[in-house]
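Next come the structures, one after another.
In the two complexes below, subunit A is the common chain; its partner is subunit B in one and subunit C in the other.
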Partner chain A sequence: MTTETATSSVRRRPPGRDTGRSPFGYALLAPQMIGFTAVGAVAIIWVIWLSFHHVNALAGTQEFVGLDNYGRILTDPSMITVLPNTFFFVCVLSIAGTVAALLLALLLNQTLRGITVFRSIIFIPALVTMVAWALVWSFIVQPEGLLDALLGSVGIDGLPWLRGGWLTLVIFAVIQLTKNIGINVVILLGALQSVPQELLEAGRIDGAGPPRLIRSVVLPQISPAILMVFMLTVVGSFKVFEIILLLTEGGPGVQSSVLSFEVYKQGFLLNDIGYASALAVLLFVLILLLTAVIWQARKRVVFHEDD
Partner chain B sequence: MRRRSFLAGLGLVTSTGGLAGCSSGFSRGRPEGDGITLRMTMWTSDPDQIALFDEIADDFMSQNDAVTNIEFESLALDQLDMVLTTGITADDAPDLTWLPVESSLEYIDADALLDAAPTLSVTNGYDLDDLVPHLQESWRHGDAQYGVPFSTGPFIMYFNKDLYAEAGVKSPAELLAQGDWTWESFRETSSQLTDATGVPGYVVNDFEFRNWTRLLPLMDAYDASPWNDDATQCTVDSPEMREALDLFHGMVFEDRSSPVPGQQADFWGGQAGATSAFLGASTLLADATFDWDIVPTPSGPAGDVQAVGQSAIVALAAGKNHDAALEFLAFLTNRENAARISKFFPPARESLLNAEVLAESSGLLSAQDLEPIVTSITTKGRIFPVAPNAASVANALDSSFDEYVYRPDADLDTSLPKVCTAIEPVLSL
Partner chain C sequence: MKTTKQTKHIKRTLNYLFLCLVALVALAPILWMISASLKSPNEILRYPPTIIPEDIKWENYQAVFELQPFTQQFINSVVIMALVAVLTILMSVPAGYALARVKPVASGAIFLVLLSAMFIPPEATIIPLFQYAAKLGWVDTHYPLVVFTAVLVTAPIATFVMRQAFLTLPAEFEEAATIDGSSRLRTMLQIYFPLARPSLASVVVLSCWYSWNQFLEPLIYLRSPEKLTVPVALTHYEDPLAGPLWGAQMAATTLSIIPVLLVFFFAQRHVVSGLTAGGLKS
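On to the complex of A and B.
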């Protein structure tokens, strides 16, 4: 009788937060969580602790300085350039990157002969390392390089592509965007191909043309994938680093530098580990905040997220 | 031919040499050893140099039972600071390292180096007085000696004889013979060579507009320095510096006889008329398809002054085996081993620093060939200027030169004070 009651109780339990959870599931998660704790959480806490200290790495000394390193961020003249540059990449790469990936995915979702060749071409840059990609581009944009030669063939003088200003930032955005767009296209392509055909068919029967189908059927259906791509590009665009290291080292001055590169420069080139840690914490907080905002906004923009 | 072979073997990678490799570490040790293991970082991957240090390590261990293993770790020079500071922070610092003279003051001020003087003074046969005093200045503070230079050598000018012949322009050797080997005349012939051949007349080796020390041959010839003698005041805006940089700026942006920022030109591949580099760079010419020669760097208003780089072997305070590290330092730099090392690196010992002795130890180069190099080191040479906060100052200087000076429209009268504004805060830290 008791057993019967308990069983019926279990049967009646409505689907809730614990549905599907089991010790086995936690066991599967454990290796990842142990790794995250050891490599991620401990490192984050240590960096936060270092950010309150003046660290002389050569002497091996650490002196508590409170919020001095954070105060330096406010008075550091290079931040007037570095922070806008960082947000330039975040805005351009996340918005342009997502839109471009979506348009390409829509194009590559056609059932045309040989379409897989084009899909492969788009994905190839994602397979090479960022270092190789940046070096290839360095030959393209160097003075009297390939780009100058192409412009010269139509009578246009070459430009100082890597000599700072908006031009250099735009070149970096193009290099970064073309490198990673393949992965985003593949994610969106997968989502596009999983849009139920019956929904599209129903739309067509209702008289919707291709633009209306995309707007009212396809985009809502793939909106979770779009959100994921957008979040990935936002986080990734905060971490633009290799191309800056390899092509300009942030120069001239700090004209092409971003926050992630300044962390590296201060910590590993200038041995100012305390200040580098404060910059790293700022970067961490910025990414966290933006990710949280996007995650909260998902209910408004992602289909079914508010169910 | 004999000279080329020697130069190829000389492998001088002095204080800021650009030939650093990234080969993995190598070690010498007795397999049964459970005693002290010493670790030393160095920026060479030259197999001959590595073999020599291996031999010296073997000799040291045969005389010192406590040390059973010596590991040499090769890295690139621009990684050195990063590797050392990371190692110190992680309590895993090497015991010894090569250190460029530019970093000497920063490391000494931070108490990062061990005083080797007590060990050197009690080491049998070390002959401390044989170390040339004026070449030790950067490493000596009072009675303390924080490192012993193993390499002290000048920049020299390499030039492509074929390109000069093709252009029908007076080569640096001809200008030198005429007594007209100045930066002004070199600028003129470089421009002529560029006009005639289409390739840059002069490329600053290992520079890429990010390493100001590579301009020191020019700066020294004009008696220009980024800061004053005690490194407390910026002198980038001095008339001497203005004159020197005006010449360089003119070569790059007016004559176009030197590459503009970002432009690639490889002298070693035959794509430029001349380059200023350390002697060790000659290894890059081992398979050269063109005829080449070397001369001292040009003179200027300050006379025939040669920029001299220097590197020392130092023992780190963060190392775990202080006594053994200092003993190995003394062994590496004693007269006998300094003579062996002088096959690759010009020494800073009185008894070795003459052309005849060096020629004998090299076995490849004549005393006549070596004489100008020795003269540069002993009389005409000026060792790289040193500042506290070396890493920050160098970064600020390179960064502000890049932003304000290395631009086609730069007005040096207004640009150079801006450079001073940028470096003075870190210079006075």
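On to the complex of A and C.
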């Protein structure tokens, strides 16, 4: 984030003391960089290479098919459901997730007795593994489970939670959102607590009420943290995987499936490695594009980016 | 005067009500899980369900260990987690120091490459990595869960965290040490590393949490029951015909959560700073 300043300070340093600087630095970076290249770079090149091939896992043969696998994505009827589902999660989880975390952080930033207890409680779901969280929720939403009982007591009868359609997507979004919101709340709380008191004081003297203070002082001050939370939730929202595998396996049909689950299904359940690789590349490109767009847009929204 | 006091009072009550609602949403699933784990098979499927078990049964907890080698699976998870943390530290602390303090030529580009690793979803690389593991003979072993995870995910994030930590330490220490005749290596080991200890705790928490949570990777790499990790094992409390064995599953899930909650209870500050470290700005 501060690469510009990093390179400029290198240039400013007097040249005499720099002897042996680079070799020493590279020696320190070597384990990390060699490992990262040997695993990460190889894996990415490999998955791109595989996406241009038809792989027969049983015979162990690979046949070059060019862009066929990518063409298949365009003609695959299940993609008409899977891609909108993926975008649904990305939009809902990132926007609702960030807004909810911000509101909770503002709520938890007040000085009330016992507030630290509430701050700890909201963090607890983040400590539970995603699998455990998904399993508990699958127990809650099963037919005649806790949710049905609670709604039944107010006269709403057994909704088809896991039988596809928007209801299933919404319940998945709720499960995913509640799991890690505590982390985002704590990040935003940290930012809120570092807003200089003088600024708030000055705003109050100028006659700003609490809503105006939040809009004109607090939000600009914590905008870097909001951006960070937003980026984290965007990246995370592509990874709705455990819930889908454990609750519906993407079903009925592909009604509750997303891109990351299709990669797993095609690659490891249906053994269509070439097609799965093409889907994996698509997933990767989508995440990179989206984060690049957000990163470019940050200058317009984020206050004092350069600090 | 009285009315402002009253509105203040109402506002505070509303705040508490809302906080309690939030706490309920966060805690209810966990409490429900514990309650279900103590019910008899008969009671667990009753409708409408009982909130508190009628009489507490421990047989679900017995079943956890009878159905699967759960102790072994738990040890697997802990060992893998510890190894990931060690490997992460070994790679990220020197790398973070290099990027923050030594700044060799092109360190800006190297930093960007590592930063991009944060955005690679595990689903995108799992296919080549599985083939990689197969070629190395690592299928059904814990090696890929340690090596691939540390190298690809936790160490890059940790490098980012450690870089921020070393950047916030004053550069004057380095100059003073150089004047006193300390070598680069010694300055790093004896002056900067000890000062970065709080961030080291964050890095340990972060990598442990990531490893402990992993699901897709162990699901793909591991086969034999005695090699499984806890998250995958939790999903195996199922009867092929009758579906999930809710009692045993909820008991196992409870057992998997309790140690984490204990750690959180005793080291709350470190846990919180660790899990939020990945998202903190300089």
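We adopt the following convention: the second predicted complex is superposed on the first by the 270 of 307 C-alpha atoms of A that agree within 3 Å, B and C clash if a C-alpha of one lies under 4 Å from a C-alpha of the other, contacts with A are read in each partner's own complex, and residues count from 1 in each chain.
Here is the rule we use: a residue touches a chain if its C-beta (ideal position, glycine included) is under 8 Å from a C-beta of that chain, and two chains touch if they have at least 3 such contacts.
In this text the structure is predicted, and so the values were computed from the model without any measurement.
More residues of subunit A lie in touch with C than with the remaining chain of the pair subunit B and subunit C. Within the superposed three-chain model, A:156 lies out of touch with both subunit B and subunit C [touch as defined at top].
In the superposition on chain A, contact of A:297 is made with neither subunit B nor subunit C.
When the two structures are aligned on the shared chain, A:280 is found in touch with subunit C, with no touch to subunit B.
Within the superposed three-chain model, A:144 lies in touch with subunit B and with subunit C [touch as defined at top].
Using the contact criterion defined above for the overlaid structures, shared-chain residue A:170 touches neither subunit B nor subunit C, since it reaches no partner.
By the touch criterion stated above, A:268 is placed in contact with subunit B and with subunit C alike. Touching of subunit A by both subunit B and subunit C, each in its own complex, is seen for residues 139, 144, 268, 273.
The touching residues of subunit B, counted against subunit A in their complex, run 81-82, 84-86, 88-89, 106-107, 110-112, 210, 259-264, 318, 391-392, 395, 399-400, 402-404, 406-407. Residues 12, 15-16, 18-19, 22-23, 25-27, 29-30, 32-33, 36, 45, 47-49, 90-92, 94-95, 97-99, 102-105, 107-108, 110-114, 116-132, 147-148, 150-152, 155-156, 159, 167, 178, 184-185, 188, 212-213, 215-216, 220, 230-232, 234-235, 244, 246, 249-250, 253, 256-257, 260-261, 264, 268, 271-272, 275-276, 278-282 of subunit C are the ones touching subunit A in the complex.
Note for the complex: subunit A touches subunit B at residues 55-60, 139, 141-144, 160-164, 249-255, 265, 268-273. Within the complex formed with subunit C, the residues of subunit A that make contact are 1-3, 6-7, 9-10, 17, 20-26, 28-29, 31-33, 35-36, 38-40, 42-44, 46-47, 50, 104, 107-108, 110, 112, 115, 118, 120-133, 135-140, 144-146, 148-149, 152-153, 178, 182-184, 186-187, 190, 224-225, 228-229, 232, 235, 238-239, 241-242, 246, 259-260, 263-264, 267-268, 273, 276-277, 280-281, 283-284, 287-288, 291, 307.
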